[in-house]
Amino acid sequence: MIAPVTADRLVKVTSQEYVAAARPDAEVTVVTLDKGPASIESRYEESLAAPGVVAKAVQAEKEGVQAVISECMGDPGVDAAREMVTIPVIGPAETSMHIAAMLGHRFSVVTILDRLIPALHDRATKTGLTGQLASIRAIGIPVLELDDHARLLRALIDQSVKAVEEDGAHVIILGCTGMAGLAREVEKGLKKRGIGDVPVIDPGILALKIAEALADMGLSHSKRTYPFPPQKEIIGY
Amino acid sequence: MIAPVTADRLVKVTSQEYVAAARPDAEVTVVTLDKGPASIESRYEESLAAPGVVAKAVQAEKEGVQAVISECMGDPGVDAAREMVTIPVIGPAETSMHIAAMLGHRFSVVTILDRLIPALHDRATKTGLTGQLASIRAIGIPVLELDDHARLLRALIDQSVKAVEEDGAHVIILGCTGMAGLAREVEKGLKKRGIGDVPVIDPGILALKIAEALADMGLSHSKRTYPFPPQKEIIGY
Amino acid sequence: MIAPVTADRLVKVTSQEYVAAARPDAEVTVVTLDKGPASIESRYEESLAAPGVVAKAVQAEKEGVQAVISECMGDPGVDAAREMVTIPVIGPAETSMHIAAMLGHRFSVVTILDRLIPALHDRATKTGLTGQLASIRAIGIPVLELDDHARLLRALIDQSVKAVEEDGAHVIILGCTGMAGLAREVEKGLKKRGIGDVPVIDPGILALKIAEALADMGLSHSKRTYPFPPQKEIIGY
Amino acid sequence: MIAPVTADRLVKVTSQEYVAAARPDAEVTVVTLDKGPASIESRYEESLAAPGVVAKAVQAEKEGVQAVISECMGDPGVDAAREMVTIPVIGPAETSMHIAAMLGHRFSVVTILDRLIPALHDRATKTGLTGQLASIRAIGIPVLELDDHARLLRALIDQSVKAVEEDGAHVIILGCTGMAGLAREVEKGLKKRGIGDVPVIDPGILALKIAEALADMGLSHSKRTYPFPPQKEIIGY
Amino acid sequence: MIAPVTADRLVKVTSQEYVAAARPDAEVTVVTLDKGPASIESRYEESLAAPGVVAKAVQAEKEGVQAVISECMGDPGVDAAREMVTIPVIGPAETSMHIAAMLGHRFSVVTILDRLIPALHDRATKTGLTGQLASIRAIGIPVLELDDHARLLRALIDQSVKAVEEDGAHVIILGCTGMAGLAREVEKGLKKRGIGDVPVIDPGILALKIAEALADMGLSHSKRTYPFPPQKEIIGY
Amino acid sequence: MIAPVTADRLVKVTSQEYVAAARPDAEVTVVTLDKGPASIESRYEESLAAPGVVAKAVQAEKEGVQAVISECMGDPGVDAAREMVTIPVIGPAETSMHIAAMLGHRFSVVTILDRLIPALHDRATKTGLTGQLASIRAIGIPVLELDDHARLLRALIDQSVKAVEEDGAHVIILGCTGMAGLAREVEKGLKKRGIGDVPVIDPGILALKIAEALADMGLSHSKRTYPFPPQKEIIGY
């Protein structure tokens, strides 16, 4: 699992969630990038993170890892990395939108900042699932402040309630992998507010479980869609 | 796993495939219906199978089963059963289309008979994934003749080659759960024909792996989309 | 005309509306099912009703009936019945959505219960008309309480006004065939509320008029889309 | 029924078809324009025909006519006329696409000239039904040569067979109202070529039957979509 | 540039804006129609204007003009004129929607009257850009009252703020070419209301700049889409 | 204009084309990247080029440049760069698709290699224009061999003819900016093959002309869609 950031402290807590969620026979490692932004809150930062994600994916495959996850809701570097390896490369945004579309009539994504909405919407457009997208909402808390757990949870529940009542969401996707481990708590919060029938998806953990499933089946991305790039001179990487 | 047919012999071979594909800690049972058609090759037969699928799903939940699969590419009774239980009810068609859309640019479904194409296309329309659907092709062999293994495999490979070369498919979905266990063989056949870069999805086995993943996460369908039906008089069931 | 329910009292009033709406040279009969739910308010109940609708359609064709209607906004059994007969089988939901799309910029459906919205939305998706769908709204009154005429009418007008003013609807479809005969009254109610330019469609009666039109032209469903099912063993029906 | 052309001879034969198709209690009149093109084979000619269609629709409503049809597959003047009258104004292209979408999985339009394909496709886009459109094909015969009946019929059948076999059409729409009365003959021709399961729609006659149905119900276009234009100075009309 | 109206006073002010916006080496002339409506506020009036637009486009091409613009947000006569000439014929609505879609996540159109919304929406549907359309809003001021500059500007800013805050617009298109020259003022007004990050498009001026770009490149409309109409008798034009 | 490659020789010829195409009062400079791939033929290489494109765009804005173009049909770095500057950042793929959609019924892109088709298709999906996309075809010649002018031209014409005749294209987009300056020659070649009515778009030159148009109008991308990224620690750039 590749956390496409350079700030190690961001992945400390979430790493534990991933290890806890993995099957007993699955080994999960979370690595951060050598080069790139401290956190990802823009397409600019995604573009800086992508080359590092690819490098880590290539290295992981060499080390015998069976699947990698670009652990960020921007799915940074996912398409590029799929070209460079043959093991599955999972994007949490893409994966959680597909599974959410299977679980209910319409889903909403509750992300951190308004500024991320267009890029998340583009991702939904790419998957073809905009017809099932009820809304994308933001809680207004930047990544580096997500460790105020009570404030985060309250904001997530508030926006999830609005997504259900005002936008018609039947499923909620947590919109930042930095929220890993909170899905059940948000479900409980919704229940207290009278909404006991809406599942909440933790996209990083879902990505992990789908990675397990694909690895079990020996399924990976189509190399017809993601062929190896031609060999050529590359400067500076 | 509910095989929505009454012909027991149909599920003998495929049952073994499911058991083999399951995780060591997962127990898989395949049951057939008490009432319904011998096999499913029409919407009429789907409508006859649906009440039985629901009944079996209700029974399974009572017995502590954690997830059920309506083991047929028509996904018969899936929406109805989701209303009557709280455990996940998985449809192989819907599931394999979503995962195929994640694995490559476009996917094709290779089913048994031309007559099934409109219903499969409707299913793709419901998922929102028609933009990623390259084609639906048929091999022209009815369900009850699928046990001629060599003929089946040859026909599947022929149509898969056409899906790739003529329709632009980058991923193939086997279009009938009666083909369970053949995905790897079709991949090999494609490779021999010069197409080594196209994954082939076995929808029943994929449904099983996704069921395992959802059960692990405690995720199920939205009861806001699939609320319990009201209590009322029902005659004849 | 097949009322896919077992509660005879439900069809008493609506039958009169259909007879009154028919052309002088057309004979209309409303039959209920022998087996199935008292009323339809879920996909589960639709699945229980479908086999009965098919059986009644087959019988009707044998008796020389020229077209049948599955008189419910879930269009239960319509696809299956089209396979078993050659006469037109009309679904009120599908039909009213197509005609509404012709009559104005956008239409809304005003149905009985929130729980029916996802299935109605799926029906709109299947027709391809979601771009013209302004909204689906519910009045919160179950089928078996529709006989409180004043309450029903008030609720229909309230929701129709909201559909027009908040959702941008230019045409209203009554969302339950149990509301047969109320379209003109809802139009009058809208006029009193200052909305004199929005037509209201009675889906059951519209289905009847379209059935007459198709029968006149000798047009029916494509048997290439709805071929006769193969002969095979069926248990329990 | 307004034939939006100035060449009277074009409507002689088709008029008889409309009269024959009408219900005994319905009176059908076909009028041609005072000003406009001899026939319509371009968007330019449609633009010249539109003002005349509106004028004739206004006159028809004054004379007590209950519904008007712009008898051409370009639906010329339909939107404009709907603003100027309150009776239904029917476009054969729009109407036949909606009904075709109800009758089968996918439909094709077989028109006269390649040059009409983009405009017909735009019409399908406007209805929202491009997902159900298998193809638009042309027979390569201009309007003014449609009276060579044998040549016309042969060409229609040839292109209809291709629409079915190569494009996957399950329903055929005749793509020019000048072909009125030929639907049954094309169906017969298809049957001789082994395609006995594809209905053929005569768009002018269908428009007439839908006009009858709407008139019976007192339904017309939404004046919220098509409000009366403001009064103002108009030069030259 | 063809103003598809007969009221000369309407184009006096806007003409100056176009001349000012043109490149130094480009000559811009604004002509009005000989026949047609004083202003355009309905599809009826568009249909009356279209023949005149075509005639003026033909005349312009003969006089050596390199590109023509139908200066109205209904794009009247654009498709028809493209058939009759080989120089580019630009529609401000179509052009501004495409460019707006390039400049930001979603765009809104702020037009004059509610009654124009369906036709503008149809135009968006034809371009394929409804997924990027946030909303179409109206200021409730008819064309002939647009010369009250302060009232117009206030209303434009009010509706633009609502488009941004309530509908999620990131780009605004002025919805009537009679508003030419106001884009910068609306941007300033938005800035004062705290919205400094939303570009406002002046569709007539944009059409002019795109016309310059196409003329520079020698690019024009595809004559395969817009072939010359056949020669035939036309009465009354 | 930013050529997102490190191989200087690639931009020698095309630079001259851009200078020749620019308005007399416009100054065009083509710069290559300091770091990145020699040429771009994969999403991996796009990801390596993106950070360099952003850096060059930031530098260009500082130097007073009025608009920048990422001169590659992958539009690499375009979204990221729009966040970091306020001047327009133009992507040739996005721009040429929007303008092609305005010029004719359907367009095709003729690119260099099959492997680029999925990414180009994703770009079309993002624009919303897949309904107007006839096909994406490849000539099978890698970037670094594009300097065999005769071979390139022959291959472009061959595939363009197929796009028109087999896929129904009415407009052709050259699918690689390395083909700059060839549009008129391909048009001539099409004419010799009997296709004189299909415009061919040179995407780099079109991007330049649209940049001129936007700069003239003072229009740029919405900073609401592309806000400046937050300040934070970035390692390695």
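The chains carry the letters A, B, C, D, E and F, assigned in the order they are written, with residues numbered from 1 in each.
We take it that a contact is a pair of C-beta atoms (placed from the backbone, for glycine too) under 8 Å apart; a residue touches a chain by one contact, two chains touch by 3 or more.
The shown structure was predicted, so the numbers you read here are calculated from the model rather than taken from an experiment.
Enquirer: Hey, what chains does chain C share as contacts with chain E?
Expert: Chains touching both chain C and chain E: A, D.
Enquirer: Which chains make contact with chain B and with chain C at once?
Expert: Under the touch definition, chain B and chain C have A, D as mutual neighbours.
Enquirer: State the chain with the largest centre-to-centre distance from chain E, centres being mean CA positions.
Expert: Farthest from chain E by mean C-alpha position: B.
Enquirer: Centre to centre, using CA atoms, which chain is the farthest one from chain D?
Expert: The chain lying farthest from chain D is A.
Enquirer: Any idea how many Å lie between the Cα centroids of chain A and chain E?
Expert: 42
Enquirer: Using mean C-alpha positions as chain centres, tell me how far chain C is from chain D in Å, no decimals.
Expert: 27
Enquirer: So the centre of each chain is just the mean of its C-alpha atoms; given that, what is the distance between chain A and chain F in Å?
Expert: Distance between chain centres: 30 Å.
Enquirer: When you check chain A against every other chain, which residues touch at least two of them?
Expert: 105, 118, 125, 128, 130-131, 170, 225-227
Enquirer: Go through the chains and record each pair that touches.
Expert: Once each pair is checked, the touching ones are A-B, A-C, A-E, A-F, B-C, B-D, B-F, C-D, C-E, D-E, D-F, E-F.
Enquirer: Sort out for me which residues of chain D touch chain E in the complex.
Expert: Contact set of chain D toward chain E: 6-7, 33-39, 41-48, 50-51, 54, 77, 79-84, 115, 118-119, 122, 125-126, 128, 142, 144, 225-227, 229-230, 232-237.
Enquirer: Per the contact definition, I'd like the list of chain A residues that touch chain B in the complex.
Expert: Contact set of chain A toward chain B: 21, 23-25, 94-95, 98-99, 101-105, 127-132, 164, 170-171, 184, 195-199, 201-202, 205-206, 209-210, 212-214, 216-227.
Enquirer: Which chain E residues qualify as touching chain A in the complex?
Expert: It is residues 105, 131, 170 of chain E that touch chain A.
Enquirer: Within their complex, state which residues of chain B touch chain D.
Expert: 117-118, 121, 125, 130
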